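Each of the next two complexes has subunit A plus one more chain, namely subunit B in the first and subunit C in the second.
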Partner chain A sequence: MDRLPQLDLEIRSLRKRYGGFTAVDGVSLQVGKGQFVCLLGPSGCGKTTTLRCVAGLEEPDGGDILIGGREVTRDPPWRRDIAMMFQDFALFPHMTVARQVGFGLEMLRKPRAEIAARVAEVLAAFEITALADRKPASLSGGQRQRVALARAMITEPRILLLDEPIGALDYSLRETVMIELKQLQRRVGISFIWVTHDQNEAFSLGDHVVVMNHARIEQQGAPEDILHRPRTPFVAGFVQGNNSFHGRIAGAEGGMLRIAGEAGSFLVPGASRAPGSAASFSVRAERIGPAAAAHANRLAVRCVTVEYFGSIRRYILERAGGALLKLDQFGAEPAWLRQGEAAEIGWAAEDCVLHAVPEEAAPASSAAPAREVVPA
Partner chain B sequence: MDGTAYAPGRARAARRPLLDHRARSRLTAWVLGTLTVGFLLYQWLPILTLSLLSFSGPTGGTTFPMNGVSLHWYRELWDASIMNDFKPPLGRSFVLAIACAVTTCLLSVASAQAMRGRFRGQGLFFYLILLGIMAPGLLVGFGFALVCRILGIETAWNTTAFLVHVSWTLPFGFLTMLAIFNRFDPKLEEAALTLGASRWTAFRRITLPIVLPGVIGSLLFGFSLSYDEFARSMFTTGADITLPLAVMAQLDRQLTPELFAIGAATTVTSLLAILACTFALWGLRRAQRR
Partner chain C sequence: MSSIRPGSPAAYWLALPATLWMMAAVVVPVGMIVWVSFWGGRAFSPDSPLSLDNYQRFFANRTYLALVLETLRHTATMMLICGVLGYCIAYFLVVKVRSPGWRTVLFLAFVIPFWTSALIRAIAWVPFLGVNGVINQALLATGLAEKPVEVFLYSRTGISMAQVSLYTLMASGPVVYMLAQIPPALLEAAMTLKAEPVTVFRRVIFPLTLPGVVIGQVLVFLNVMADFATVQTIGGNKIALLPNLVINFYEGAQIRAAAVVAVLLMLCMLAGVAAALRVVDVRRLGAT
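== the complex of A and B ==
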C-alpha cells in the first residue's frame, strides 16, 4: 500500500446508504496539502453526506477515509484532525464569543492562561475582539460567521470542512466573505473542503472542483477544466453557459466525428466511435456567433429574448423544434439581434466538447430525441 | 364567472363594523384579562381561605367567622399526639418526593435523549411511558398491590410506593424533555464533536446547559406530583403512611383547623421547592457565564 503523506485527505470509494436511499456511491477524492476543494452539486447529490463522513458525523457503509495519511474511517469526530463550519454556524447559544472560540483549546486541555492568550490573539486576527463578551443571539450574520470561523480555526486543524458556509449570509456580504476566506486559506495553508450548490462560489474559490450528482462524482478537476471541458451532459447542463446537443454518430470526417440529431448534423472533434452509437456534446454560449465562413456548424434560430448583464449580453434563441440555446456577446459591443428576429448562428467544430459519457441509460431504440438543456 | 365578480376595494369598504379595530382589540384584552383574573382567583381562593382559617384561635372552627387569631393550630401540629402526628408522614412524603424528583429527572432526560435516535420498538416505548398518565391511578395502585401480594412483596412507602409514583411522574418529565429537545439543534452537539469534545463532554457542556429549563421542569414535576399523590399511594404505601394519606385519615376522624395548617404549610413547602429550583437555575446560568 502506498501511503501518501503529502495528501491532507484521501477518500477511497466511499459508500453511504440510508435505508433504501444511496446517498454516496463510490466517491473517491484526493486532496493535496493546503488545497481548496469545492464539492458542487444540486441538493441531495451526496456532497454534504460526503463531508459529514469526513468529519466522522456519519459512519460510511464502505470505503476508506485517510486524513494526513492516517486511516480514520471508524474514528469518532474528536479524534480527527479536522474542524467544521456549519451552514447556520451552530454557535453555542449559552457561551460568550470568547468562551466558544476557546472551546477547541479547552477540549485539548490547554492551560487556562494559554487559552486566554490564544483566544485574544485569534479574536484580534478576526477583528472580533469587541464581541468577546457577547452571546451569539446579539450578533449579526456576518459577526456570527467570523465567530464560527475563529472557533473552527483556533486549533489549527489539518482540514477545515465548510458546509455551505456563506449560504446563511446576506447576498451583499457573500462576495466580501468569499474573498476573505480565500485569502485566509492561502495564508494559513490548511485544506478547505467547501460544500456548495452555488457554482459561482465553487468556480471562483476552488483550486479543485468536484461536481456531484446522484451520489456520484460526475467530474472533478480545475475550474477551467470543468467549465470548458464538461465530461457528461449533466455537467454541461449544470454549469452555466453551455448548450448541449444529443444525437448519434453518423460517421467520421477528416479526423472529426459527425453527430446527427434532431437539431441537425454537426462536426465535433473526437476519437472514432461506432457509427449509430449515442453521443452528446456541448458548446459554450460565448463560442457561438453569427454564422461565418469559418463555422463548420450552423443552425437557424429565432431570438426569444435578450438578457443584459453589463459585461455580457445573452441571447436566448429558439431553434426549430422549440429547444432553447444561449449565445453570449460582450456587453460593450452593439446588439446583434433583437427579440423576434431570425438569424443563422454558427460555431467552429473545435469549440464543440464531446462528452465522454453520452447519457445515462439512453434507450438505444429511440431515435435520439435531441434535448437541449438550458439552465436558469 | 362573469366580469362583475372581481371588484377590488369594494368588498372591504362595504362592511363597516360597529367598533373600529382598535376598540375591538381593547375590548378583547379586557375580556381575556378578566377571565384570567377570575381563573387565578378560582385557583387560589381555596388555598387562601384555608391558610387564613389555619390562623384562627384555639376555639376556632373550620368555617368563617374566625374565632380569634393565633398560631395555636400550628403549635398543635408541632406537638401532636402519637395518634395524629403529621411529622413522620410529612418527612416520608418529602423524602419520597425528592427521590421521585431525582429519579424522574434522570429517567426523563435519558428516555427523551433515547427518543432522539431511532430504535426498534420506539413507538411502543413512547406509548408505554405515556401509559403512566392515561392509566387510572387508583387502579394502578391497586393492581400493583395485588401483584405485590401474589409475589409476596411487602408494600412500603420507600419501595413499592416509590416505583408507582415514578411511573406517574415520569411521563410528565419525559414530555417536558421531549418538547425541549424538539427545539434543540443537534448541529450544536456535532459542532462540539468536531471541536474535539467527546460525546459525554458534548452532552455535559453543550446539550445539558441548553436543555436545563426542561431538566428543572422534570425535577419539579417529579417533586410536586409525588408529594401530593393520594390515589396511587393508597394501596402501595404499607403501614408507614405518607402525608396525603395521613391527611385523609385525619379528615375521616375529625376536622380541625390543624388540617388547614398542614395545607398551608405544604403549599409553602412546594413554593419553596419551586423557588429553590428557580434559584438553582439562575445560579447555574450565572456560573456558565463566567
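== the complex of A and C ==
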C-alpha cells in the first residue's frame, strides 16, 4: 500500500459485548499524527474496553481499527504498532529495570550491543539510570511509573495507550507527572491515547477529549468545546461547573427559543424547534451572577453553602423545587451572598447552551449503577 | 500478657512440646541410625568399635552401586514426567478454565484420590495393571492389543505408571499456586511489547512459576526416593530400589547394612533439597 497514512488511529463503529452487557457500542474516533487524545467517562462507560480493543487485548464484535492506515482489527497485540502503559504499571517482578526497559527491543531481535546502548540512553532520559539493577519490588510509585513509561517508549511506537496511567500515584505526584508526560508527548510526537475518569487530567492534557457514557461517545472535541458547549445533558452534568435545565419549547422570540420547565421560563439561543418538544440547556456557573438589567433569564434562589477555592468562590444555591445550582465568582472579589440568604440571580440568553440531544438516551442511567467493566 | 512480643521468653514454651516430640521421633532415631551404620566388628552391640567397614562393604558391591544409580535415574524420570504433566494440568486449571465452578470441580476430581493413603493407592493399581486387569481388558476390547500386555504389572513400566498418578499432584499444586499469583496485566504488557505467546511463557510465565516448579520437583523427588510401597506391590519381588534394599537388609537381620543404605538415602535427599534451595529461595516465596 502506497497510500500515505494520514491518521495514527482510526476506529470505525467499534462494538464489543460481554455476554449480555454491551461494553462498547458504535464508537468511532480519528486520531491525527501526534495527537493527545483523552477518553473520559465514568467507570463502566467503555473507555478502557475501547483502549484494549486498540491494543488487541480484546477482540471486537464489530467495527474496524486502523493503525497508521493499516487495518489491524483481528491482529494480535504483538503485530500492532502500539505500546501500552497499564494502571498498576504491570512491571515484570523478576526483571531488573534495565532488563525490563530493554524487553521491547529484545522482542524486536535487536543486536545485544544496540539494546544496551539504547537502554542506557533511555534510562538517562528518564533519570532512572541509578535504578538500572533494581527490581520493581524495591521501587517507589513514581519510580515504577518512570520505568513503565521508559519500557513502553523505547520501541518508539506509533501510538502509546495509557490506561489511567497516574491513577496509582500519590496525589502530590500527579501534577508533576502530568506536566512531564505532556512535555514528553510534544517532544517525541507519538500519539497518546489516555484513558481517565478524572476530568482535570482530560481537559488539561488532551488536544482532543472524548466523553463516553454507557458504551457510547457522548461528545468529542477540543476541551473548550466540551467545557463550554456540552451537546448532551450527560456531558453538561458530568463536566464540572454546568447548571442544566430541562423543559419544553414554549415558542420562539426574536431568533431565540423560549424553554419553559419546572424551574421557570428561559430564553435560549437556538434554531427553531417544534413547540412542545422536550429540550434542555445548560449555563456555566461562572456566567451566572446577581440579577442585572442585561439578564434575560432570572431565578430566585437561596444560598445553601459557599465553597472557597482561592481562585474562585463557588455558591451552592437552591431554587424553588429543591434543585441545586452552582454559581462561581472570582475569589478575589468580596462575597455577595452568605449561607441562608435569599437572592435573585440572572444570566444572559447568549450564555445558555442548547443541548443537541435533549433527553438522556438511557433513562435508566441514574436508577441502575454503572457496572464496572474490567475484563479479566 | 507479654508472650505476644517477639523477644518474649514465654514464646519458647510454645515450641517445647513439638521440640520434645521431634527429638524423640526424628532426631534421636536418625542419630541412632547414623551411629549404627558405623558399627564395626561382628557383634551387634553398642560396644562395637566405630569404623567405615559397612560403607566399604556396600560400595565394594557393584550390584548395590548400580542400584543407587538406578534409583536416581528412576527418580529423575519420575520428576520429569510428573513435572511436565503437573505443569500442563496446573496451566490448564488456572489459565484455561475460566469458570470458577468448573475450576473447583476439576480441582476436586484431581485431588480426591489423594484423600486415601499412598499404600492403598499403590495396591489399588494392581487390579488395573494385571494380565486380566482393567487396562488389558480395555485394550483387548477395543482391539488395540491382540493379547494381554504383560509388562504392566511386576515391571518398571507399571511402577512408573502408578507413581506418575501418585505424585503428579505434588508437582502440580505449587505451580497452581504460583500461576494464580501472576496478574494477567503482566502477560498483556509482554504482548504489547511485541512478545508472542511462546515468548511470553518463556520470559514471563515460566520464570514467575519457577519457585513452584522447584518445590514440586523436591516433593516428587523426596516421595519417589522414599517410596518402597509402590515398588513392592507393583514391582513384586522382581524389582527393588534403594528403599526396598533397606527393608531387605532389615528382614535379613543385617541391621548395620540397613543403616548404611538408610544413611545414603538420607544423604541423597539432603543433597537434592540443598540443590533445589540453591535454585530458588523457598523462604522468600510469596514475597514479591
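To be clear about the criterion, the second predicted complex is superposed on the first by the 356 of 376 C-alpha atoms of A that agree within 3 Å, B and C clash if a C-alpha of one lies under 4 Å from a C-alpha of the other, contacts with A are read in each partner's own complex, and residues count from 1 in each chain.
Throughout what follows, contacts are C-beta pairs under 8 Å (C-beta built on N, C-alpha and C of every residue); 3 or more make two chains touch, one makes a residue touch a chain.
The structure displayed is predicted, hence computed values, not measured ones.
Trainee: Following the overlay on subunit A, give me a clash-or-fit verdict for subunit B and subunit C.
Mentor: Overlaying the two complexes on subunit A (C-alpha atoms) leaves subunit C and subunit B clashing.
Trainee: Please work out whether A:Thr96 is in contact with subunit B alone, subunit C alone, both, or neither, and reply first, second, both or neither.
Mentor: After superposition on chain A, A:Thr96 lies in contact with subunit B alone.
Trainee: According to the stated criteria, A:Ile312 is in contact with first (subunit B), second (subunit C), both, or neither; which is it?
Mentor: Neither partner.
Trainee: Examine A:Ala291 and indicate which partner it touches, taking first as subunit B and second as subunit C; both and neither are also allowed.
Mentor: Neither: A:Ala291 stays clear of subunit B and subunit C.
Trainee: Quick one: classify A:Ala137 as touching subunit B (first), subunit C (second), both or neither.
Mentor: Second partner only.
Trainee: Based on the superposed arrangement, let me know which partner A:Pro77 touches: subunit B (first), subunit C (second), both, or neither?
Mentor: The answer is both, since A:Pro77 touches subunit B and subunit C.
Trainee: Do any residues of subunit A touch both subunit B and subunit C, and if so, which are they?
Mentor: 55-57, 76-78, 82-84, 86, 88, 90-94, 103-104, 107-108, 151-152, 155, 161
Trainee: Would you tell me which residues of subunit A are touching subunit C in their complex?
Mentor: Residues in contact with subunit C: 55-57, 76-78, 80, 82-84, 86-88, 90-94, 103-104, 107-108, 137, 151-152, 155, 161, 376.
Trainee: Residues of subunit A touching subunit B in their complex?
Mentor: The contact residues of subunit A facing subunit B are 55-57, 76-78, 82-84, 86, 88, 90-96, 103-104, 107-108, 151-152, 155, 161.
Trainee: Would you tell me which residues of subunit C are touching subunit A in their complex?
Mentor: Touch residues, subunit C against subunit A: 98, 183-186, 188-196, 199, 203-204, 207-208, 287-288.
Trainee: Can you list the subunit B residues touching subunit A in their complex?
Mentor: 185, 187-188, 190-199, 201, 205-206, 209-210, 285, 288-289
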